[in-house]
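Residue numbering begins at 1 within each chain, and the chains themselves are lettered A, B, C, D, E, F, G and H in the order written.
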Amino acid sequence: MNDGRSRKVGDFAHLDVDRARRRGYPEAIYCEGKTPEQVGAIALSLREVEQTTLFTRARPEHADAVLEVLDDVFYDPDAGFLAYPAAAPEPSGVSVLVLCAGTSDLPVAKEAMHTARYLGRAVSLIADVGVAGIHRLLSYEEELHSAGVIVIAAGMDGALPSVVGGLVSCPVVAVPTSVGYGAGSGGVAPLLTMLNSCAPGVGVVNIDNGYGAGHLAAQIAAR
Amino acid sequence: MNDGRSRKVGDFAHLDVDRARRRGYPEAIYCEGKTPEQVGAIALSLREVEQTTLFTRARPEHADAVLEVLDDVFYDPDAGFLAYPAAAPEPSGVSVLVLCAGTSDLPVAKEAMHTARYLGRAVSLIADVGVAGIHRLLSYEEELHSAGVIVIAAGMDGALPSVVGGLVSCPVVAVPTSVGYGAGSGGVAPLLTMLNSCAPGVGVVNIDNGYGAGHLAAQIAAR
Amino acid sequence: MNDGRSRKVGDFAHLDVDRARRRGYPEAIYCEGKTPEQVGAIALSLREVEQTTLFTRARPEHADAVLEVLDDVFYDPDAGFLAYPAAAPEPSGVSVLVLCAGTSDLPVAKEAMHTARYLGRAVSLIADVGVAGIHRLLSYEEELHSAGVIVIAAGMDGALPSVVGGLVSCPVVAVPTSVGYGAGSGGVAPLLTMLNSCAPGVGVVNIDNGYGAGHLAAQIAAR
Amino acid sequence: MNDGRSRKVGDFAHLDVDRARRRGYPEAIYCEGKTPEQVGAIALSLREVEQTTLFTRARPEHADAVLEVLDDVFYDPDAGFLAYPAAAPEPSGVSVLVLCAGTSDLPVAKEAMHTARYLGRAVSLIADVGVAGIHRLLSYEEELHSAGVIVIAAGMDGALPSVVGGLVSCPVVAVPTSVGYGAGSGGVAPLLTMLNSCAPGVGVVNIDNGYGAGHLAAQIAAR
Amino acid sequence: MNDGRSRKVGDFAHLDVDRARRRGYPEAIYCEGKTPEQVGAIALSLREVEQTTLFTRARPEHADAVLEVLDDVFYDPDAGFLAYPAAAPEPSGVSVLVLCAGTSDLPVAKEAMHTARYLGRAVSLIADVGVAGIHRLLSYEEELHSAGVIVIAAGMDGALPSVVGGLVSCPVVAVPTSVGYGAGSGGVAPLLTMLNSCAPGVGVVNIDNGYGAGHLAAQIAAR
Amino acid sequence: MNDGRSRKVGDFAHLDVDRARRRGYPEAIYCEGKTPEQVGAIALSLREVEQTTLFTRARPEHADAVLEVLDDVFYDPDAGFLAYPAAAPEPSGVSVLVLCAGTSDLPVAKEAMHTARYLGRAVSLIADVGVAGIHRLLSYEEELHSAGVIVIAAGMDGALPSVVGGLVSCPVVAVPTSVGYGAGSGGVAPLLTMLNSCAPGVGVVNIDNGYGAGHLAAQIAAR
Amino acid sequence: MNDGRSRKVGDFAHLDVDRARRRGYPEAIYCEGKTPEQVGAIALSLREVEQTTLFTRARPEHADAVLEVLDDVFYDPDAGFLAYPAAAPEPSGVSVLVLCAGTSDLPVAKEAMHTARYLGRAVSLIADVGVAGIHRLLSYEEELHSAGVIVIAAGMDGALPSVVGGLVSCPVVAVPTSVGYGAGSGGVAPLLTMLNSCAPGVGVVNIDNGYGAGHLAAQIAAR
Amino acid sequence: MNDGRSRKVGDFAHLDVDRARRRGYPEAIYCEGKTPEQVGAIALSLREVEQTTLFTRARPEHADAVLEVLDDVFYDPDAGFLAYPAAAPEPSGVSVLVLCAGTSDLPVAKEAMHTARYLGRAVSLIADVGVAGIHRLLSYEEELHSAGVIVIAAGMDGALPSVVGGLVSCPVVAVPTSVGYGAGSGGVAPLLTMLNSCAPGVGVVNIDNGYGAGHLAAQIAAR
């Protein structure tokens, strides 16, 4: 099947090239579980395509495989995020503000931020404003109120969306991170906290899914 | 504390009357775990308040307690939803489309729909379009593409948001329902399915949380 | 065995009458899983004992069985708490402040408060100060800072101890409640949140264990 | 015990050589948890046996141990699958179609395909037809309708069997894969989705159990 | 939408009337979570339809609602199974043998048996042949070997499919039941046992899903 | 099948009458999930049988059904235990000591005690000796050391077997009870504690399975 | 504390040297989580002690540390089992038969066998007799009936104790192994199966706890 | 934001320097999930700060990064604990006694002990006094009764707090450790045991959270 709506790569992939037309957002290649060879072959098939393409969960060996065939890419190894071409689109819609509760949540927060930026939104990031020192968050009330949508990455108690959600009128996208240990580790504790947020207006994505959080935020902010 | 920002009711509640000003959305009273007497006392304190107030998870005895002190209310017992005053605000923003996968998911879908309507959005509902008979869903592609935001209530396999999310460009709010039995019952199976949706652009709320889904959808659709 | 350190009641109980001497705190009878007849027989055996005795998880039929043989009791049916004799000891030590996040958490909060009071502490209670309207909590900063120990009962997201723990220097005893529904219901979500509190200084007891929370708080406040 | 129905290998294994007679399908050696030496000893004992034997979860060191004593083998390291002798039987029965939702599900899909082929069925494979781009699947309706039994390997949301099961009349064997992350990872999410499939006619095997899926499919397709 | 492929009933259901044409098997109405009124309205819409329709999880009040509008029905209250019309089709294909491990598993076993019978298969049932008295099972070896497909309903240890699967060449459909208590109760223990069956050739359906087991067996036995 | 080794009752049961010969212990009828009519029919089939038969999890309606056809029975409704005939065999082997940690664990402890007694052992019981008042347990060291096997029923923290197992040389059979609430409720907490006992020599049976504990103890004590 | 009942080693261990007197069985050193240096120091402290001492979960580096200070030891690296002195006591009591379901369960089975042997019992082992080829087990009925106690190590479906328990009159000690994958992996599936065994007379120890199984068996077989 | 209440480090951290003033206890840096570079940058920012700062979960590479910029530090690699400056404050308040059940629990116990010491308390430690040899614990009754607060680190059955809590009048802080294996491993079993302690007066912190246990103990002991 190679009919203009999907593109077969080897016998292992059907790229959904129709997606940009159908959904307005580009295809993303999830690299985990794919060999560098498979990722490289997919990258090769993109050479003549002009639209933005994202590679997520890209380890350095995946990035190397892409760089062998494409030379104009953006790559953030901490976030495992790679975009082609390197230039992000002109931002449109309202702005996306990304918060993270602790320094350890930064890789997920950055994956969200990069995703929203490459899907065409203006983005900004505030790090390490967890609720255990609530004055840090409250000092940013102006930034909170001027955002079009807020993405929050938090591990451990995952309490930040409950507080932020109660302060603002814009939607909040909450992404639990696997930061923490012991009972509820692997992101289970913050996931449950976010699903049980006392403040309404919080949409949750899967643990460590910064890509999903950024994508949803970009759609909400599209207008 | 009774300072214009919160209102003390008896010794058991602090109504967040500042919320409409701060967030732009009215207070909601979660009736589960409250006695009818407590709910009635809260209703009484609202008499001079002019803003819309929602009562969720309202069983008939809660509704009766409200009706004793307020006479202009809307009540849908299937959805456990009560609103005061009965007239919903004029709709603004873009439209909210609510889908449910099966007939048994209707109470949750209706709670979402009522919530979005009383928060000021135009709403519509399509029922029983689960993926096991995919032609039913595909016959509604026009409705899907014209929605500003789509809420999906689904139990059992919870697969509908994965398919819908792949078809549209607007955000999807997914609410798993506790419909189903056996492994993954109580809504766990559709919750996990939705969190693992292959299609990005899906924000998840807690199981059976139609109120939360409708509230988030209303915020997204506010523009 | 009836040796002055434990007292046999029928063939089903060994009261630990030595406990007040050994630990400084009186025995408590956990009524759940005991028949009213068993509870009544235990109450009867206390008639000549002069020390305070608590009955927890006491349903009305348990209370009736006690009242048949003891007439000087305090009973709060909402909290399922019964104390004999009715007069609490003169308070000593520092004060215990009990907070609850929502109105639905009140029964557990009250069980904690009653327990601490009957173990000899001065107690107070502030209800419905959950983090979704953070200004409600912040308006009580003076009360927070003057407490000797703070007990917090919270369900749903269970985020209140993370915020309070970050504001005060005294220990916090956190008791998750089974308020909530869906993923993490039955108190699992707030339990995990509390165990993962970003703010140190939070000791957790089991879900709905108001008695345990009040007992620990009384010991901490003993000085 | 070495009675023609089972064959003792060292003091660690009783090969069920009666199985082909009793069940009509050959023995399979599960290599995980066995040392290469044990696997090699088992292979040696097969030299005079003429029937097909499968080795599953065979890592390269297991394969090496087999190749030292048997020289006519088929080995696919991605699928961890090894068969002796290398020539598959002539296909009989109806055909087995294997689908996988994403590229990362291929190793499990191939283990299923190889198993069915070495048990005597005609097989084919279609990769990367997950539901998030539903047009990819729908373009293969002809292949779906001509299959005698369909095996589906899927991770993440595991939604593909619900859609396929609703389109065809033949049985579907669903094998969840451990592809995914976060809540429901390790294959739990697709397992639960498949067990809760809204479409009847779906039999589930354990996570990543491509061998089990292929075996069941071969039995169903035997006729 | 009422286009010959699906039939709208009120605003709460889209019957998939195309299903018999598309899949070769009739529609089934899952009654749990539907009101008797909704079930009655669906039954009414079937009056002019000539094809077999199944109602599963039908409690007596659901059955009464159907009987008010349809008079030619079969109803087994133990299995919660209702079929219209009462006469099952002439059997075709190979035979379906249903086993249950204990007497308490009978309701699920019967739901499977009735389903297969109304989908057009010859069925038989052997009860109470659990593995703790293995001679009971072994005395039925002839019946086991002549079956075209075997359905096994078992709770508690769920070990029966492992033993039966090792004895026969036909496929086994295993349905765990919620019979049991303590750790692994609610059917979790037998579900996991069946998914981990040492004998290949076992396809599993959800806990207590006798309908799903019977449906899959009927498809396998169709030939 | 009615061949002297098993006895068919109606079409729903195969009594394993060979069990006494094969295993030396009588059949037991698990009443949960059986109708009183089924239990009554089984009882009727026992009239000519002379061996001891146990009925477990027998609610009063089950007991009534048995009493209608057998008149020489022992019934303890708290333990849900019924034996026929009422006279227990002469005790042989070494003695079985049953301990329970709290009064609420008594029903399970008694089921174990009755079972061991009707399987032919001398039994005794000590109640309410949980570890929170360790002097109660230590005052019974003589009884502990003279027992042939010790059964321990405990809920909540389930810590008693760890302490007792460290004091004695005889085997300990531990049965967790569903006494407790919150995290680990339903017996999960004591089950895990017992499986993780620091003292070796502890064999665990399922939660609330007093019958299984008593049966195992009787076998161990048989000598 | 070094009072003849316990022996302090450095500041990290209190050996329970009183245990042989009190319980009749020697101390065992659990090596996991201890450094080789700590294990070596403990071994050194045993030099003048004449009683048998076991070291469990001993990796080669632990064994090396012991061998540096003690030269008369038995070590089986597969089972992680080390005993000092190397000569096992003369067997007494009745015999212990160890079964394992598959070759991969052998390390746990051997840990159980070694433990029972060094605690003074006669032991034997039969490997690879899982229920999927039931004739293998049934060919050993004589060995089963002559055992004094049977230990069964099994992973995956864990069904062997249910079948064996139904065949014999002696007690069965069941030890689930972590052999398997997918749902219920890590030994959860066989643990639940064993706890839910339809055949009474099965005592369960923790997953992979061969030491605990062998110890309990030795106590049961002591007579 | 760098306003005297929090200090920004790079774009990845907001140190809560106000915490000592607000809470009376110093900031702690959680190193897990931070790069050595980030930890080093934070350490650098502390050079002019005079207050005690703790680094927890500090692996050697984190310690090296700190030592490059600060030279007066205490580091215990077993406990992953680093303090700056090396001299602990003069002890005040009542004393903190740390117990651990087994040698393998020592790293967590030491993290608790170090934390309490650097927060200004007098500390002592008793190791390897688990309940399986209860005489070891009972020989320390004097130390137990003279403690101001007791911290208990225990894995496996986690039963020690239940026994100790029943012996003393001071509060107990219980920290489950991830020592153990099989069912309830990773610390789940001792966590549940501690939450279900029959003895009241036990506050629980997360698994392996020695820092949290020591911090809470220090606050309780502050007076």
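The rule is simple: a contact is a pair of C-beta atoms (placed from the backbone, for glycine too) under 8 Å apart; a residue touches a chain by one contact, two chains touch by 3 or more.
If you're wondering where the values come from, they're calculated on a predicted model, not measured in any experiment.
S.K.: When I count C-beta pairs in contact, which pair ends up with more: E-G or F-G?
M.R.: Between F-G and E-G, contacts are more numerous in E-G.
S.K.: Could you check if the interface between copies chain B and chain C is built from the same residues on both sides, meaning over half shared, or from different ones?
M.R.: Shared-number fraction below one half, so different.
S.K.: I'd like to verify one number: the distance from the centre of chain C to the centre of chain H, where each centre is the average of its C-alpha atoms, in whole angstrom.
M.R.: Each chain reduced to its C-alpha mean, chain C and chain H end up 26 Å apart.
S.K.: Please tell me the distance, in whole Å, between the geometric centres of chain B and chain E computed from their C-alpha atoms.
M.R.: 35
S.K.: Hey, how far is the Cα centre of chain B from the one of chain D, in Å?
M.R.: Using C-alpha averages as centres, the distance is 44 Å.
S.K.: Residues touching two or more other chains, restricted to chain B: which are they?
M.R.: Only 19, 102, 132-133, 166-167, 182-183, 188, 191, 195-196, 206 qualify.
S.K.: Which of the chains are touching one another, listed as pairs?
M.R.: Final set of chain pairs in contact is A-B, A-C, A-D, A-H, B-C, B-D, B-E, C-F, C-H, D-E, D-G, E-F, E-G, F-G, F-H, G-H.
S.K.: If you look only at chain G, which of its residues touch chain E in the complex?
M.R.: 101-102, 130-134, 156-159, 162-163, 165-167, 180, 182-184, 188-199
S.K.: Which of the residues in chain E come into contact with chain D in the complex?
M.R.: Where chain E meets chain D, its residues are 19, 22-25, 28, 166-171, 173, 191, 195-196, 200-206, 211-212, 215-216, 219-220, 222-223.
S.K.: Which positions of chain H touch chain G when the two form their complex?
M.R.: 102-104, 106, 125, 127-129, 132-133, 135-136, 139-140, 179, 181-183
S.K.: Given the complex with chain H, which residues does chain G contribute to the contact?
M.R.: 1, 3, 5-6, 11-14, 16, 18-19, 30, 32-34, 38, 176, 178, 186-188, 191, 206-209
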